Amino acid sequence: MIKVGIIGATGYAGGELARLLLQRDDVDIVWFGSKSYVDQKYTSIYQNMYQMTDAVCKTDDMEELAELADVIFTATPQGFCASAVNEGILEKTKVIDLSADFRIKDVGVYETWYKISHAAPQLIEEAVYGLPEINREKIKGARLIANPGCYPTCSFLSIYPLVKEGMIDVSTLIIDAKSGTSGAGRGAKVNNLYCEVNESIKAYGVAGHRHTPEIEEQLSYAAGEPVVLNFTPHLVPMDRGILITAYASLKKKVTTEELLEIYRWYYEDEFFVRVLPNDVCPETRWVKGSNFVDVNVKADPRTNRVIMMGAMDNMVKGAAGQAIQNMNLMFGLPEDKGLRLMPMFP
Amino acid sequence: MIKVGIIGATGYAGGELARLLLQRDDVDIVWFGSKSYVDQKYTSIYQNMYQMTDAVCKTDDMEELAELADVIFTATPQGFCASAVNEGILEKTKVIDLSADFRIKDVGVYETWYKISHAAPQLIEEAVYGLPEINREKIKGARLIANPGCYPTCSFLSIYPLVKEGMIDVSTLIIDAKSGTSGAGRGAKVNNLYCEVNESIKAYGVAGHRHTPEIEEQLSYAAGEPVVLNFTPHLVPMDRGILITAYASLKKKVTTEELLEIYRWYYEDEFFVRVLPNDVCPETRWVKGSNFVDVNVKADPRTNRVIMMGAMDNMVKGAAGQAIQNMNLMFGLPEDKGLRLMPMFP
Amino acid sequence: MIKVGIIGATGYAGGELARLLLQRDDVDIVWFGSKSYVDQKYTSIYQNMYQMTDAVCKTDDMEELAELADVIFTATPQGFCASAVNEGILEKTKVIDLSADFRIKDVGVYETWYKISHAAPQLIEEAVYGLPEINREKIKGARLIANPGCYPTCSFLSIYPLVKEGMIDVSTLIIDAKSGTSGAGRGAKVNNLYCEVNESIKAYGVAGHRHTPEIEEQLSYAAGEPVVLNFTPHLVPMDRGILITAYASLKKKVTTEELLEIYRWYYEDEFFVRVLPNDVCPETRWVKGSNFVDVNVKADPRTNRVIMMGAMDNMVKGAAGQAIQNMNLMFGLPEDKGLRLMPMFP
Amino acid sequence: MIKVGIIGATGYAGGELARLLLQRDDVDIVWFGSKSYVDQKYTSIYQNMYQMTDAVCKTDDMEELAELADVIFTATPQGFCASAVNEGILEKTKVIDLSADFRIKDVGVYETWYKISHAAPQLIEEAVYGLPEINREKIKGARLIANPGCYPTCSFLSIYPLVKEGMIDVSTLIIDAKSGTSGAGRGAKVNNLYCEVNESIKAYGVAGHRHTPEIEEQLSYAAGEPVVLNFTPHLVPMDRGILITAYASLKKKVTTEELLEIYRWYYEDEFFVRVLPNDVCPETRWVKGSNFVDVNVKADPRTNRVIMMGAMDNMVKGAAGQAIQNMNLMFGLPEDKGLRLMPMFP
């Protein structure tokens, strides 16, 4: 039985962790940490789990939790994990951080984009970027996982094969992303009210969204050269889902089918990445509630560009599902344990 | 391994059956029957199940299917099952009919409300109304199950304890129901287009909806007297979910707490019926994707009425989930096998 | 030129007032009052009106505003208008209060349901309940208008003819109401976030919603006897719209067509009340953005009840539109001036 | 009184034309043409206009209509107008075609992208591309207007100033577009059902959407050189609205503010184009129901690209509103007559 603690259990990502882990019989959630709801019954906040647990919300005291848990998930705002984790904690327990604190290796880049100073720079080097499709082996031995951001996960997996194979001119990369509203979190803000989001679409964080350097860093590793790109997220009136539409110039003339062959080869053994048939565009409805990323590409001979597309559930593969995938790897379990969830439609 | 055939597999209820059953390792779907998509890959229609099955759609030939399957689900329009099932088929296989064909014992009532003549009246008597919370034992031995309608399931479970206990004057019963749009099916009709349903609510089938006699019949059994009531369904701009708000006059002065005690007692051992805490109203978001029915009641001393409420996922407990619950019982399996799904939120 | 002041101009109802009045050339909005946005540009809050006004938000100082305005709209929380209005203000300007402060004649009833003490009980008697279809003549001469609640407006107009004509047993009246989310206001509350409201429906305020006594009072006048009823509102995942489904027992056997005749006769000269053809149910999509209320009825011979239905835009006829209708009457203008808005679909 | 005929009056664009024109007192709609609903009351199809007209749907006989109408709007599928219009008709009446038939000057390009042969190539030269912000003077004297497509209108107005001023390298232009579902029309297709569109986003027509050559042609005129670009539309779960996010490389280093100056200068006198303040992104909610296009730009010094954004209501400025704007110009009326509609929010 793996003893799990969740800090930030009352946010959307924390709630999704709880939902997925409560369905497992090899996991025991020993701590539902919260900032705003301490001492309240957890299921009074997430009534979907009513009768599935009697737990009462606890604090976000990571020191105390480290004594109890085999693994701690921090689904918390930027800065929390860096300020709370330390060598002592990591000697007692594993930590999977769903915030951005340990995703970026260059602390200066982190501090520039996130506008906070990093409280634990000495742990950045050790932290493993928890994208199993790329870092599977490193994850298995890690103590501290930087769980990837939602946009970066979907962006990276949609683009990676062509960057890695050197098919595209990375200086031309543009990522136009669209996300459901759960990505905005559960904070009570006017801009996230039903009537503000419904029946509308907008770009936000244009030329300045904080997931940009994370995507650039990971793609740079794949490219073997620095990648600087445009990333524009949009808010879509739906609960869940991320769609990536990425554009880049091809280095040589190739067909869609040739590009697809590369994707199929790269993802042949990846259960959670589904390369769609030629001409079938990814749609977020087909991955809702699952850990899948659906990807596809289209070459445009008129412009000699390729359009790369990916769809994913931001709450699952973009947050809680991927975190559990990492946990499975860290504990020597089958990577897909508890994650073979069939997407729910409609 | 239970060999399952689904006729009507390309409708929404059929798709939900496939989605739930493909996640089980003790079930093999041997037949995805369809009318419109014969010979097409099933996952080209329900791309959420891409790579989860290679099946190609077959016809709706129940005779042929009966040779192959241990159980057949018919998720088909009214009249199909009655015209296709027969003694020979029932000798070879079990049938769980998700249509209304065998739900109503009085064939005249069926023919009046459904405006079709019944093709197999001789099988009506044998068919068991597949509401496990009421007919569990009968279901275990049945060959032919009439899987309850979505509205009737939620209505009945929300009202049943007070009718059974004689707490309410059944002549005053009014059921105001609200359903998500998946209940309208996947047929290409202008009225179900996105722009027609979105941003609107309407009543339909006022004083004439065909689920009315089904609800009346089942409540009559509980009441021990004929129940005639008003049932008004409404179409809500959401995918899934049914909410029942029912009204009746109390026979004597009682408190909400006293009424809740009755519910708790009735549903104490029913995993899928969750009696909510006092003053917590059922909401469809808390049951989405699960087989739960959340119920609650409120006594109004000003009018001496009780308001009974229930929320449910129409695709799961209102269709595919309940059908599987019935299958589990018929095959001697744990009733909740494959159905301990935690509701997905958001 | 009518000089108008709006207090609470940054709420949804206040925003709708501004939107409708800025389109008129006989009205000048001299004051956009706010509590949270003082000194900010009004169109930075409601960007839909960008370039339509340069106004900056002012305070909610009603004394100062009374010096400038011919009429003041208070689109404010309960209690504000009662505490801010006084004889001096009413000698200088007219007041149309969109809150509940002056809707209920019995101050004890008000204080019981609203749980605040009334700060200006001496003005209650003078205030006119601003439902033009009923109180047209009184409105013309009024200084202080209690603009009706959204639910009461739609409920009353849907039910009124049959109550007035004595066709129904008022002791059996049940109103099941459904509202879009703009009715919940623009306050930053978790419960009104997009992901909480979307894909869900729930009842709220069961047996205790504060619009209940307002509906009862107005129907009591029509009935000539006290009316006590059940009123259950529901929150629907859409921006605008209220749908009323009301039930009552008929005093004698009548047909739907006979009941419709009564509606047609009552509303023959009412431009804003549209009696739909037999068997056409009101739907909120058909009234969105307009000042119309669409009504219809259905007699059920099985239960001898009538189902009364009404659909309306809660922001227009349920708030700002009706307030302007009242203003038009008070200033001797055509009642429909600026309000002949065709419903927007889709 | 302008006598107007609408062919395709029962589609969404036709319905919007009727809605906007029925509110004018200088226009008389003499013909509601339809293919599927001949002889049915128009308001039985668009119940929002109930009691606003008694009209009954007529055929799509353009010859007969030409005898009656001063102007004919064809809101019809591709190919209809080209096959129905001729010199005789244009001698009797003006024609504003909302389809693509006369938008593209090169008939070969039209036939390649639309995959139909053009039935009236001799009229292409005469037809005026009805984008008033560019072709105002030509429109005034035109007999035949090619009303621009929804995507092209929003794309062009969002990008035009920078292309015209030679600020961007047009070979790098990428347009990522998002549209509400009304753009998909009112045809009964499974893909446009509520449950298929809701809670999902997808790209479609990738590298092949038929609005591509229209955008390219108009931008080529502005650029003075051929423009070839990528245009990727996406379907968004909302009724109305188009959002454009366009990317291009800047020819030299400029600031956002410098670029904004260009926009302000170009659109200074254009009532319907609103250049937003620096850092305020266009959102479709702020233009819903109006004829406005909200635009903004952002320079990204990291990549030396500019992101150009525009939001518009596809039913109004993208179809019916722009068609009426053209009609106003053709009849010597104020261009904004009947179109000073304040966007409706929420």
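Letters A, B, C and D mark the chains as written, and numbering starts fresh at 1 in each.
Heads up, the rule we're going with is that a residue touches a chain if its C-beta (ideal position, glycine included) is under 8 Å from a C-beta of that chain, and two chains touch if they have at least 3 such contacts.
Quantities reported herein were computed from a predicted structural model and do not represent experimental measurements.
In terms of the distance between Cα centroids, chain D is separated most widely from B. The interface with the greater count of contacting C-beta pairs, when B-D is set against A-B, is A-B. Per-chain Cα centroids separate chain A from chain D by 38 Å. Rounded to whole angstrom, the centroid-to-centroid distance between chain B and chain D, based on C-alpha atoms, equals 45 Å. Our note on geometry: chain A versus chain B, Cα centroid distance of 36 Å, whole angstroms. Counting partner chains per residue, chain D shows two or more touched chains at residues 12, 182, 195-196, 198-199, 237-240, 283, 285-286, 288, 346. Residues 12, 15, 19-20, 22-23, 46-52, 182, 199, 239-240, 274, 276, 280, 283, 285-290, 294, 315, 340-346 of chain C touch chain D in their complex. Residue ranges on chain A touching chain C, taken from their complex, read 12, 181-182, 186, 188-190, 192-199, 237-239. Remark: chain D residues 172, 174, 176, 178, 180, 195-196, 198-204, 206-207, 228-230, 232, 234, 236-241, 243, 245, 247, 281-286, 288, 298-300, 302-303, 305, 307, 309, 311, 346 touch chain A in the complex.
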